[in-house]
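Both complexes shown next keep chain A, but they swap its partner, so chain B is in the first and chain C is in the second.
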Partner chain A sequence: MVAFAERRPLGDNAKAWALNAPAIAVIALLVAYPIGYSFYVSLQKNNLKRPRAKRFIGFDNYKALLSDQAFLSALKVSALFVLVVLGLTVVLALILALVLNERFRGRGLLLSLALLPWAMPGVVNGLMWRTIFDAKTGALNGLLQQLGLIESYHAWLTSGTGAFLFTALAQVWNTLPFSVIILLAGLSTIPSELYDAATVDRAGAWRRFTEVTVPWLLHPLLIVLILETMNAFRAFDTIYVLTGGGPGDATTTIALLDVQTVLTFTDFGLGSAYAWVITAITLLISVGYIGLLYRKGNFEV
Partner chain B sequence: MSTDVRIPLSYRIPWKKIVLYVLAVGFALYLVLPFYWIVAMSFMHEVDAISVPPHWVPTHPTLENYLGFVRPNAAQELVGGRAVSETPYSLRNSLVVATATAVLNLALATFAAYSFSRLKFRGSQVLLVLYLLTRMVPGIAIIIPFYLLMRSFGLLDTYLALILSYTTFALPITIWILKDFFRSVPRELEEAARVDRCGWFRTMWTVFLPVAAPGLVAAAVFAFMTAWNEFMFALFLTSTKAAKTIPVVAANFATDFNTQFTVMAAAGVLAVVPPLLLALLFQRKLVQGMAAGSVKG
Partner chain C sequence: MELTRRHILKLTGLGLAGPTLLSACSNDSSSGGGSGDGSVKFEGWDYEAALVQQNLDRFTKNSNVKVNYTPITSAQYVQKVVAEFTGGGGADALYVYDDSLAAWVEGDYLQPLDGMAGVDEVYNAIYPGNAQAMTYDGKRYGLPYYTDATCLTYNAGILAQAGISKPPASLEELEAQALKIKKAGLLEYPIGLPAQLSDTWWSWVWALLFGSGGNMFDDQQNPIMNTSDTVTKDVFAWLQQAATKSKVIDPASLQLLPVPVDNAMKANRYAYTIGARYASRDYNDPAKSKAAGKIRMGLVPSLDGKEHGTVSNTRMYGLAKDTEVKDNAFKLLTYLGGYDDQKQPYTAKFWFLQRGLGFAYKAMVNDPTITAALKKFADPKIYTHLAEIAKPRNVLGVPWYTEFETEMHKVVQGVLSNQTQPSAAVAALAKSAETLKKKYS
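And then the complex of A and B:
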């Protein structure tokens, strides 16, 4: 056994890197190279419809961002979207995870149901909520009217605020399961002795929650916060199908604006500059995430 | 006679249970009703689906919305006919692309994950973090150069462009999932095979991989679902029924104002059935993988 453990560490090194070589090659070619190249494109005036005007302009695309109303508005919409989606997701996911952590009849069924939104492609999620929120025939209008909560059908998606809020709701439904699963995994690691001890101390349900559950859940909660922030920040599929960014630019997030700039206006230079701003913000968030994992010691290899 | 009417302990109102069941039922409805609505609508005639007040169950159930995909009729051809006729092709395209992505992913990730689970090597931590970081890169950041790259290779509107991009999306996740599963395979198995003088590849193929099969399945399912659900890259890279995947065609339904909601609902249901079945079949493994890696960004 000793001989086995001490066997040629150099050989292991070479073997390990050889085993990783194919994966690294694919990622380098298809992720690292494009990122670098996209930075290069972001320094160009580069519109596919005007190939003759293509030239190097340094940081002009970035400088233009500071006075670019569409960009500033999209940044604001994205930030608000993240806040609303994150708030709702965390609260709902925490409650659902706490429910699923109890024992009751039908728990397994509820867990299976919780996977339903996760399996749903974002585009279909958008389609689905579109038929539900529809102004003339939507299920939401029908339901609220039959419950006597509204007199007549409303056009939920025609006002800016309405469209924004309902889009956020649709997004929350889609991303909820992921947070639930992470929180549930966190809850299941809490030793039951802690609850027993608290019960012996005559701690009520609320005190057991704040003094045992919350401290243990802090780490998974932070992971949820970071990953869901990132998710909401680059949300695209659902919004594209549900509102297409409208009305006006009420739901035009930064990701949506970027795709419009590239696909509709074929402005690859400006689009790349947008993309780099998104990348930089995402990078900041993920540095926090990885630091967090490190501190917890999740990275022992 | 005592007037002290004390309620025995067992008669106390079980508040905790009541709250629990109310919440559970509430969440179950919240999770299932939106989906139920498009399923119900996909079996309705247009007249029933848009009636006010709505019919909550299909009173005159019909398969017409689904059958329309395989034999588009003249009326549908007028209203959003292109998306209708492209639906069967897009399902085939999605199936091919997602399957190929899963296979390619396993091939690449198995080697990498093995190195993390069995070998001590310099730089392993950094490499693992790098894999995770590539997962954090927003698709939008690489789509432009990726599009230009594929255009210069003449790969626009082909399966290959999609398979390559989805493989890189899923690779970090599959490596993370497999690494955890591989660690739970007992080392003794390989050592026994080594004593029998089996080479490394034969040991992997005949001893190690069969034991690690559940992990391989979970990773493949993850990769398949990633590829099946992806929309933005497909939107950029495909333009005809030769490569359009189901999310792209489904989005065409939504952006076309003439589309019947019933047909759109049927397309949506078709798009969600494969990933949903996989999620339910492999529920336990997927939940483990999600929780262990926390890497679906």
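And then the complex of A and C:
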């Protein structure tokens, strides 16, 4: 008993490791292992429909992507989707954040309403917009007809361009609030003295915006750009519900193609390669953003 | 409290016990054979699960064989079954889609039924198309659950209002009739088709091809739609014209899954659609449909106006390769898909009477009970004739069928929305088929 009582307690370092070990184990088990395993699978010919043909093929799945028309088309659609969604999100989020940063009556209510779409799951968002865009009973058709802008109801999602733009709009609506929160938080940190000083220097509203607001918002913008790029690149649920990727290939993004390849075609090898390409591209873009914007603001973090 | 190695060991012990406790709480996937009481683990997609259970209870009562039935959501059925078999916990007996059969046999999930009691008798009694769909590589793998043939479904009431007395025999006639309905101001778009991208097959495309005597593949599954068979291109040309020039096909079709088309037919909002025969049962049910009593089925119109055929699908019951309760599982299969003691296909009859599901047994149409029920929603002669002339897709046996079907949906959407010309569409399909063949070779 005496021997037990005299045992030295663990040192700080050991305690830290001991306390973090469960979390590390869980992360390794639930995150690191599946990620690593998916890379291993991406190096295989691995289609559940043909288990006997399963074998290690190195980087053949990745090489095949260069001539894979479905992949190249989806990549193009994804890139365009990211551009449109990101452009709209940044511009609209900035405007909304600037408006919500002002003091006015009903601001709280407007802020709550602006945040509402973020609480909506992607599938529900897709279903809601599908109802709105419906060719027979859609609210959009009803509104436009009542305003006298159209004579008869249109099937908005049946042309390639229409489907693409409306899908992008639905995605923006869903993810915009998150960007607004980030930018609003950034705006609230700008000292009012800077605006006062700029006003004394006879800077107009535009110059105050470009010389004071934008530089202070570069870091929040960086976060918005990185996260929204990832979101748009991985967009699946809203698109799946709204158009299923159609008409034709018009809204088949790489995430949609990936889910289809893995779950419908049960081609886990190729699907895993797609997933890794998505990861690599978003990583590259994020690094690019950081290189472009980090430490470019007129302040130190 | 000081943290000592003893504390850490205790916590580690608890951590290790956790997963064991969790696994003890989980549902054992290896029931059936694994449970030791001879019970059969049976899985199917979740269509009318309560009725399935009711029928299974009857089987258990008569045979004393316990059945553990798990309905799986239709949208995830194939994926979940594949995941279960891959993980080693598949069912003993299960539903099988005709377009999954080849892959599931190749995946070693199913075993052939050749030589088992009563199988030859069943295969001799069913339509050849159904027998063909349940056969892979010369071996028989299923007993029939239900089958259907795709037909033209039309609203005779709307046709009569437009002064049309008989359904169209040719596609040209279909377009002309639809235009007449349109010009009479009865409907803006008389034809509705389910053409939104989805994981289910588009029977109406295959029906239009088979209805005109065409095919996309030869018997060796080589694509012929861009070479020796011109029907596909001509059918696509008709579709494009009807969708974008005469505008008789609803452009909203590209946004429609089968259920909204059903609802539109029941609401008198379409005069024509192409789909499964059994849908007419609901269309003609006064409790569910405003069009009740006016819906008729006809042969699929062809390019030349002559009768060529249509497409069939077959849903079957399969037997797992690794089942440990083979005898009991086969007893269940026989009860569900074969004959009972009175030499009657009890379950096939049960499903037709309960829900109008098509039957594979040729003789069933002569059963007075069946005929009486059939007359409530269809002309038995046309219904039977459609079954006789229907044939399955000859490309079901290739492992890349699902990919091809998906690609075809996109191409047809391009045709309907005027983004792809028919010649480019068939060229794209042929290229896609060749690429897939190479990929899977």
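Quick note on the criterion: the second predicted complex is superposed on the first by the 274 of 301 C-alpha atoms of A that agree within 3 Å, B and C clash if a C-alpha of one lies under 4 Å from a C-alpha of the other, contacts with A are read in each partner's own complex, and residues count from 1 in each chain.
Quick note on the criterion: contacts are C-beta pairs under 8 Å (C-beta built on N, C-alpha and C of every residue); 3 or more make two chains touch, one makes a residue touch a chain.
Just so it is clear, the model here is predicted, and its values are computed rather than measured.
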According to the stated criteria, A:Lys15 is in contact with first (chain B), second (chain C), both, or neither; which is it? both
Is A:Phe164 contacted by the first partner chain B, the second partner chain C, both or neither? neither
After the superposition on A, what does A:Phe81 contact: first (chain B), second (chain C), both or neither? neither
Kindly classify A:Thr243 by the partners it touches after superposition: chain B alone (first), chain C alone (second), both, or neither? second
Which superposed partner A:Leu227 touches (first chain B, second chain C, both, neither): first
Touch count on chain A, higher of chain B and chain C: B
Is A:Asp134 in contact with chain B, with chain C, with both, or with neither (first, second, both, neither)? both
So in the superposed three-chain picture, is A:Phe71 touching just chain B, just chain C, both, or none of them (first/second/both/neither)? neither
Once the complexes are superposed, what residues of chain A are shared between the chain B interface and the chain C interface? 4, 9, 15, 19, 22, 130, 134, 136, 244, 263
Which positions of chain A touch chain C when the two form their complex? 4, 7, 9-10, 15, 18-19, 22, 25, 47-52, 69, 130, 134-136, 152, 155, 157-160, 243-249, 252, 260, 263-266
Going by the contact rule set out above, which residues of chain A touch chain B in the complex? 4, 9, 12-13, 15-17, 19-20, 22-24, 26-27, 30-35, 37-38, 41, 95-96, 99, 102, 104, 106-107, 109-124, 126-132, 134, 136-137, 139, 142-143, 145-146, 153, 173, 178, 181-182, 184-185, 205, 223, 227, 230-231, 234, 236-237, 240-242, 244, 255, 258-259, 262-263, 268, 271-272, 274-276, 278-279, 282-283, 285-286, 289-290, 299, 301
So in the complex, the part of chain B that touches chain A is made up of which residues? 16-17, 20-21, 23-24, 27-28, 30-32, 34-35, 37-38, 41, 49-54, 107-109, 111-112, 114-116, 119-125, 127-129, 131-134, 136-146, 148-149, 164-165, 167-168, 171, 175, 191, 225, 228-229, 231-232, 235-236, 246-248, 250-251, 253-255, 261, 264-265, 267-268, 271-272, 275-276, 278-280, 283, 286-287, 290-291, 294, 296-297
Chain A partner, complex, touching residues on chain C are 2-6, 8, 11, 15, 79, 82, 86, 103, 106-108, 188, 196-199, 250-252, 254-255, 264, 269, 399, 402-403, 406, 409-411, 413-414, 416-417, 419-420, 435, 440
